[in-house]
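As structure tokens, the structure follows; a few thoughts come after it.
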Amino acid sequence: MSKQRHQRSKKAGLPPGTLVHIGEKRAEKTKITIIDFDGADFHERETDAVDECFLFKDKPGVTWINMEGVHHVELLERLGECYGFHSLVLEDVMNTEQRPKMEDYSDYLYVVLKMLRYNDSDGGTLSEQISLIVGPNFVFSFQEGIEGDVFGVIRERIRSNKGRIRKMGADYLAYSLIDAIVDNYFAVLEKLGEKVELLEEMIVSNPETETLREIHFLKSEMIFLRKAVWPLREVINALERGESALVRESTRVYLRDVYDHTIQIIDTVETFRDTVSGMLDIYLSSVSNRLNAVMKVLTIIATIFMPLTFIAGIYGMNFKYMPELQWRIGYPLFWLVILVIAGTMLIFFRKKDWL
Amino acid sequence: MSKQRHQRSKKAGLPPGTLVHIGEKRAEKTKITIIDFDGADFHERETDAVDECFLFKDKPGVTWINMEGVHHVELLERLGECYGFHSLVLEDVMNTEQRPKMEDYSDYLYVVLKMLRYNDSDGGTLSEQISLIVGPNFVFSFQEGIEGDVFGVIRERIRSNKGRIRKMGADYLAYSLIDAIVDNYFAVLEKLGEKVELLEEMIVSNPETETLREIHFLKSEMIFLRKAVWPLREVINALERGESALVRESTRVYLRDVYDHTIQIIDTVETFRDTVSGMLDIYLSSVSNRLNAVMKVLTIIATIFMPLTFIAGIYGMNFKYMPELQWRIGYPLFWLVILVIAGTMLIFFRKKDWL
Amino acid sequence: MSKQRHQRSKKAGLPPGTLVHIGEKRAEKTKITIIDFDGADFHERETDAVDECFLFKDKPGVTWINMEGVHHVELLERLGECYGFHSLVLEDVMNTEQRPKMEDYSDYLYVVLKMLRYNDSDGGTLSEQISLIVGPNFVFSFQEGIEGDVFGVIRERIRSNKGRIRKMGADYLAYSLIDAIVDNYFAVLEKLGEKVELLEEMIVSNPETETLREIHFLKSEMIFLRKAVWPLREVINALERGESALVRESTRVYLRDVYDHTIQIIDTVETFRDTVSGMLDIYLSSVSNRLNAVMKVLTIIATIFMPLTFIAGIYGMNFKYMPELQWRIGYPLFWLVILVIAGTMLIFFRKKDWL
Amino acid sequence: MSKQRHQRSKKAGLPPGTLVHIGEKRAEKTKITIIDFDGADFHERETDAVDECFLFKDKPGVTWINMEGVHHVELLERLGECYGFHSLVLEDVMNTEQRPKMEDYSDYLYVVLKMLRYNDSDGGTLSEQISLIVGPNFVFSFQEGIEGDVFGVIRERIRSNKGRIRKMGADYLAYSLIDAIVDNYFAVLEKLGEKVELLEEMIVSNPETETLREIHFLKSEMIFLRKAVWPLREVINALERGESALVRESTRVYLRDVYDHTIQIIDTVETFRDTVSGMLDIYLSSVSNRLNAVMKVLTIIATIFMPLTFIAGIYGMNFKYMPELQWRIGYPLFWLVILVIAGTMLIFFRKKDWL
Amino acid sequence: MSKQRHQRSKKAGLPPGTLVHIGEKRAEKTKITIIDFDGADFHERETDAVDECFLFKDKPGVTWINMEGVHHVELLERLGECYGFHSLVLEDVMNTEQRPKMEDYSDYLYVVLKMLRYNDSDGGTLSEQISLIVGPNFVFSFQEGIEGDVFGVIRERIRSNKGRIRKMGADYLAYSLIDAIVDNYFAVLEKLGEKVELLEEMIVSNPETETLREIHFLKSEMIFLRKAVWPLREVINALERGESALVRESTRVYLRDVYDHTIQIIDTVETFRDTVSGMLDIYLSSVSNRLNAVMKVLTIIATIFMPLTFIAGIYGMNFKYMPELQWRIGYPLFWLVILVIAGTMLIFFRKKDWL
């Protein structure tokens, strides 16, 4: 997150609508994939020339244009001119630090989402911004350009004409993309859930400093997830309840379904947050308990040996007139006293439940 | 919870309305119980062939079809076709990880609830998802298939024509099922209440590490209950205030009654949560208090015996010219000094209220 | 609270409107007091036969029927039949575990309240549920049957025709009862306030384990009070702003006054809660401070006597060739060294502000 | 606060509108100041006879009647009769434990406020209740009777005909009084702000037990202020947005200004609360840190001298055959060993950063 | 903040609309910059005579008058007279302790904002109040008079006729100024973000007392930022959704863009707050952990050497009849026992995981 944050101020003072890329430049070239289909036909092509998109502008079928990499200013400018996108939209597409949002420009809808993926290598969550521009017969999807996405299954469904996707309009395609993104949140949550459970066991069995760091890490992840999911819910709600004619009635019932999913995700995130917060309390209590245990050992040792050492010290004194020292029975008696004292102490500690 | 969570991601990317069972497969076969009644007649049959349900579709009386086990895809598909249920409804029926919700499909209402039962063996709360589909003259109830349910009393009331249940419509039957589920929450709460009280006593008398784990466990239970109860309240409110013609005016007053119960349950859960949170504070304070007690013992012992040992050490020195050692009265004098010092210390500690 | 809670589950699965008494049976017999009055006349009688109530049903004056004890099923059933109360109302009357609420059954209003009284013997708060049924010319008040109530002053005002109570309708009578109940909350709060203040002093002067228990107890009391007062506010607001024709315009201004009182009570309860929460922090800090003080004593003692004992130990050694032992001045020199070391230590600790 | 609270229960059970004084009786006699003015004329007189007020009832100019002391029942009764005030208003005037509120009795507005003044002698905040009754051409202000008020500047402005106050109506006068009260909150906040800053420095430099008490005191002050300011905001909002014809359009813009001030006050109070809460955390951390420091000293001393004392103890033993004791070099060697061990320890602690 | 706060009470009791400067006097003279432009022409002049502003009052182009320093009462009075500003507006302009707000005076809008700048020298955030008065063809901006501002880029854009700023009206100019201010918040947040990250590393590696102070400082900064940003959001929302004809439809889409930015800023501030709160928990846990470590060292040392010293003490006793002392093997045996005991202890501690 940190690196990205540092670049936001580059834009300070620039006129609105100035195209500046904010975020890491992930891919060298912007890869464009065009999928054009209707119930009968299907075309797919991959290119890096933005002009090819223009050919599909007024075709009757649904066109899905997916772009990986949003750092080419002039490419986006030309696209914007051709399709008549507002310059603020293009500015937002290039700014990968957006908050999820939905804006209705009457001719098209602009949707920003975060695509989350679990990063197996370092156990963190990878976030990539997806911008969707949904028109009457086209959907643009802009990715930051990180290798891979979660849209593979959708491409497959279009190619193989599975389900109703080929028969529905651009709004249904957009819904499908959003659904794929939201579905993937569950996978991320499952991974985090596993971690939370692992941590819960560790805390009970062995509260290390490492555990503390792990709790801190999980907490940050939760904060991060929350930031991504809460506005997502509003976005989908706005799509479902919005008055835009671009979202057909038949698609809204599906959006309600995704909406339910986001609520479920929020629920789970909040539960995790509560759990992790609780774990910190448990951790602190465990540490206190261990301190108590350590101190008890110290106190027992000191309480037993200090009096004994004192007594031994007494008979180590060199007073000329110390009758006990001359007694035959002195030394065995000393041992007896010692053992009685030590025994009494042990019984005392046992009664106090310290042993 | 954990195992279920791992299966949610199976659905990622599938087209909406694809039937995938999410959750533990609890029963081998789906058991179907059909109860058909009106004021005069009453039929009950148990089967595992879904086709039998279709016979009751257009009968004038109220039909209650209860299914245990929601993992048979084709069974649900055929049911959905026959009754014209939306594929999203069927998908949700099979997904046992739903959040309580109510959806109005104009021809029928779809309600998801959590049936809670207290598990006596391990002291945890057992949650089973119940889906209700309420039509003009039928109620479908889908259970996950865990042995037993809380509907026994309702079956009995129908069989024996007790109360007004046989005279009312499908909406009243649905209300009765919901009421039975909500009523059982009270039983769960009572069990938890007993635990909370037990714990409260334990904390005061004997704050063990075990207590901490128990608090943690109760806290998780509360989080879990909250997650089940809060949306439940909205569901029942939506039923009561909703505009669906499927819920008659006469039934709404009963729904208001259940609504009051859910508020009472929420109230109790929140009170328990506050109490359990308070207990953690008390626990931590108790641990601190005990540490204090331990440290006082140590300090008293050390403060008394360190000076004494030092004095004994002095007269154990081998200086050639130490007049005290030659005194006749040296050794008794030494004891006198020792006792005076120890006595002074004890008085000092008593005054400081450490003894 | 605990015992009552255990009985709620008795009702699980019963048809709605089934009369089951939930709560402790407080009085053997249900005592019925009928007060009938208008501006001119006044009748009062005490009975245990419910039939006498029926005589007053259609009389023009205002009738106040007060019942102590709500555990007689058939008594309530007959009352309900005669006056045409909904079975859910009667069910709620018998369930003494209700949350304060107001329900408008158009012919009559049903109000549930908690009458709080401070129990001087154990310092706790006693809660008794009061149900009011307010009709056009009658008010029923149902008490659980604990000895005594807070309505004495109202009876006196009716008997002596003091104030406007005899001239107003049933709604004003109901208001007066509610007002008497709410006024008594202030008495409870004053008692709790005294305790909070006492505790505040104790914490500063002497933070004992007992204090902790007291804080815990006060916290529970606050949670309990909150549960009673918050819904009360909604109840009175609903009465004041409700559209029921049973509440006359002239009475609403008085209800607004009671409403103000409930807000003031809530304010006070919240302030107490904040104060009590703050006290726990202070308590914990005090405990930590005392631990610090204890540890300082220990450290000072150990730091002074350990080096001294070591030095004494050195000259207790039996090496053949230890020149110091032979010195005439050895022993006085030893004392000088000892005193210098001890003095230095004391100065050091004074500078560190530990003494 | 405590003493006042104890008197509230005096009213329990009395009919509404019964005049009972609740609060400390501050002034022996009720002092009445009448100021009557219009753009041209100005009269001021001081009296203790309530009848003089009646003379101004129907005069065309604006009359401001200020009363200090609200404990004379019959005085208020006669006033109420003459001006036709509702008995509930008079009851509230005499009850100095009101929450700030505004009530619209169509003929007049009743406003309750808290006048705060900083008490320099004990550093606490002094609160005095002010009741305003605002009619078409009069304003009554009732004070509890504590010496002095914050209205001096207003009197001066009226006398000297400064600003527009003499040209505007009773509503503007009421606004001016409220404004003066609210302005004085800033003075109180500034004093508290100074204290907060002082405390912030003390915590960092020297966290004493005294500090803890100071934090506790500031916290209570914040709770107290909050209780006064939050409802104040609603009161002024209700005046500004209310539909009462008594508040002219030209005055509303000024009320909006006061409203902004209350929001600013709330903002500051909340910031202080956050700051003071943060200070408690810092305090606790500081105490922990100091405990750590103390324990390190103890551990260092013990770790160095315990092994040394043990070694000295060894050569104090009286075994007949201990070769070292006979060595010429024994004693110097002993010192060498001692110094090596102590040196090693010191290096070890330095490396652990404990020194 | 502190110094400013002390001056607010100067205004107590003054009539509303009295011009009093509240805040530090930053600049000696009020510097006035007038920029007048339309699509074709452009004039810029710097002056300290307020009369020059009046020349531009009725010119057709857009006039931007920027004033640095708001402490000259008569200057503002004359300005107010000429342009007909409400005296409350002028009063607010001079009061630099405002909360961000927007007020619609139908002829003009009054907007208060906080311009934040990061202060590199002491790492704090510098806040300067900006008041904007937006009329149909003019924008007044009042600064407190701290050297420099964030409007340089806007001046440049006007001078060089870059973007659409010269073609749009006064509302667009006002938007541009607000946008520049909000954009600069990102720069401040980036700096704070760096600090948060730095601190996060420090806490894990080395929790010093200094860290605690740093956390406290960051917390205060967050509270400060929150106070500035939350009302800012409302301000911009009010501008965007407001009904003022002064804000054209074409400008509203840009205001929505700024609105999004404020939400993003709030999001980031809240995330930082959560992170910093979490850090305090981690810090406290770390301190506890270190205490544990210290105590373990002490306990290990004491537990090993106390028994050994006791044994050495025994054989230092002077009993006449102690057989062991005469044994040839006594001394080596002693060492054996010592080593066995010490070894056992070490194994014991290793098993307890303390070493």
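Should a chain be cited, it is by its letter among A, B, C, D and E, assigned in written order, with residues numbered from 1 in that chain.
Everything that follows uses one rule, which is that a contact is a pair of C-beta atoms (placed from the backbone, for glycine too) under 8 Å apart; a residue touches a chain by one contact, two chains touch by 3 or more.
All values derive from a computational prediction rather than experimental measurement.
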item: Given chain B and chain C, the chains that contact each of them; value: none
item: Same-residue or different-residue interface between chain D and chain E, half as cut-off; value: different
item: Whole-Å gap separating chain C and chain E, where each centre is the average of the chain's CA atoms; value: 42
item: Chain centre separation in whole Å, for chain E relative to chain A (CA means); value: 26
item: Of all residues in chain A, the ones touching two or more other chains; value: 284, 288, 291, 295, 298, 302, 306, 309, 313, 316-318, 322
item: Chain contact graph, described as a line, ring, star, complete graph or other shape; value: ring
item: Direction chain B, origin chain A - full chain order round the ring; value: A, B, C, D, E
item: Chain E residues touching chain A - in the complex, by the definition given at the top; value: 150, 152-154, 157, 162-165, 176, 179-180, 183-184, 186-187, 189-190, 193-194, 197, 204, 253-254, 256-257, 260, 263-264, 267, 271, 274-275, 278, 281-282, 284-286, 288-289, 291-292, 295-296, 298-299, 302-303, 306-307, 309-310, 313-314, 316-322, 354
item: Residues of chain A that touch chain E when the two form their complex; value: 2, 5-6, 8-9, 11-18, 86, 88, 97-99, 101, 103, 209, 212-213, 216, 219-220, 223, 227, 280, 283-284, 287-288, 290-291, 294-295, 297-298, 301-302, 305-306, 308-309, 312-313, 315-318, 322, 324-328, 330-331, 334
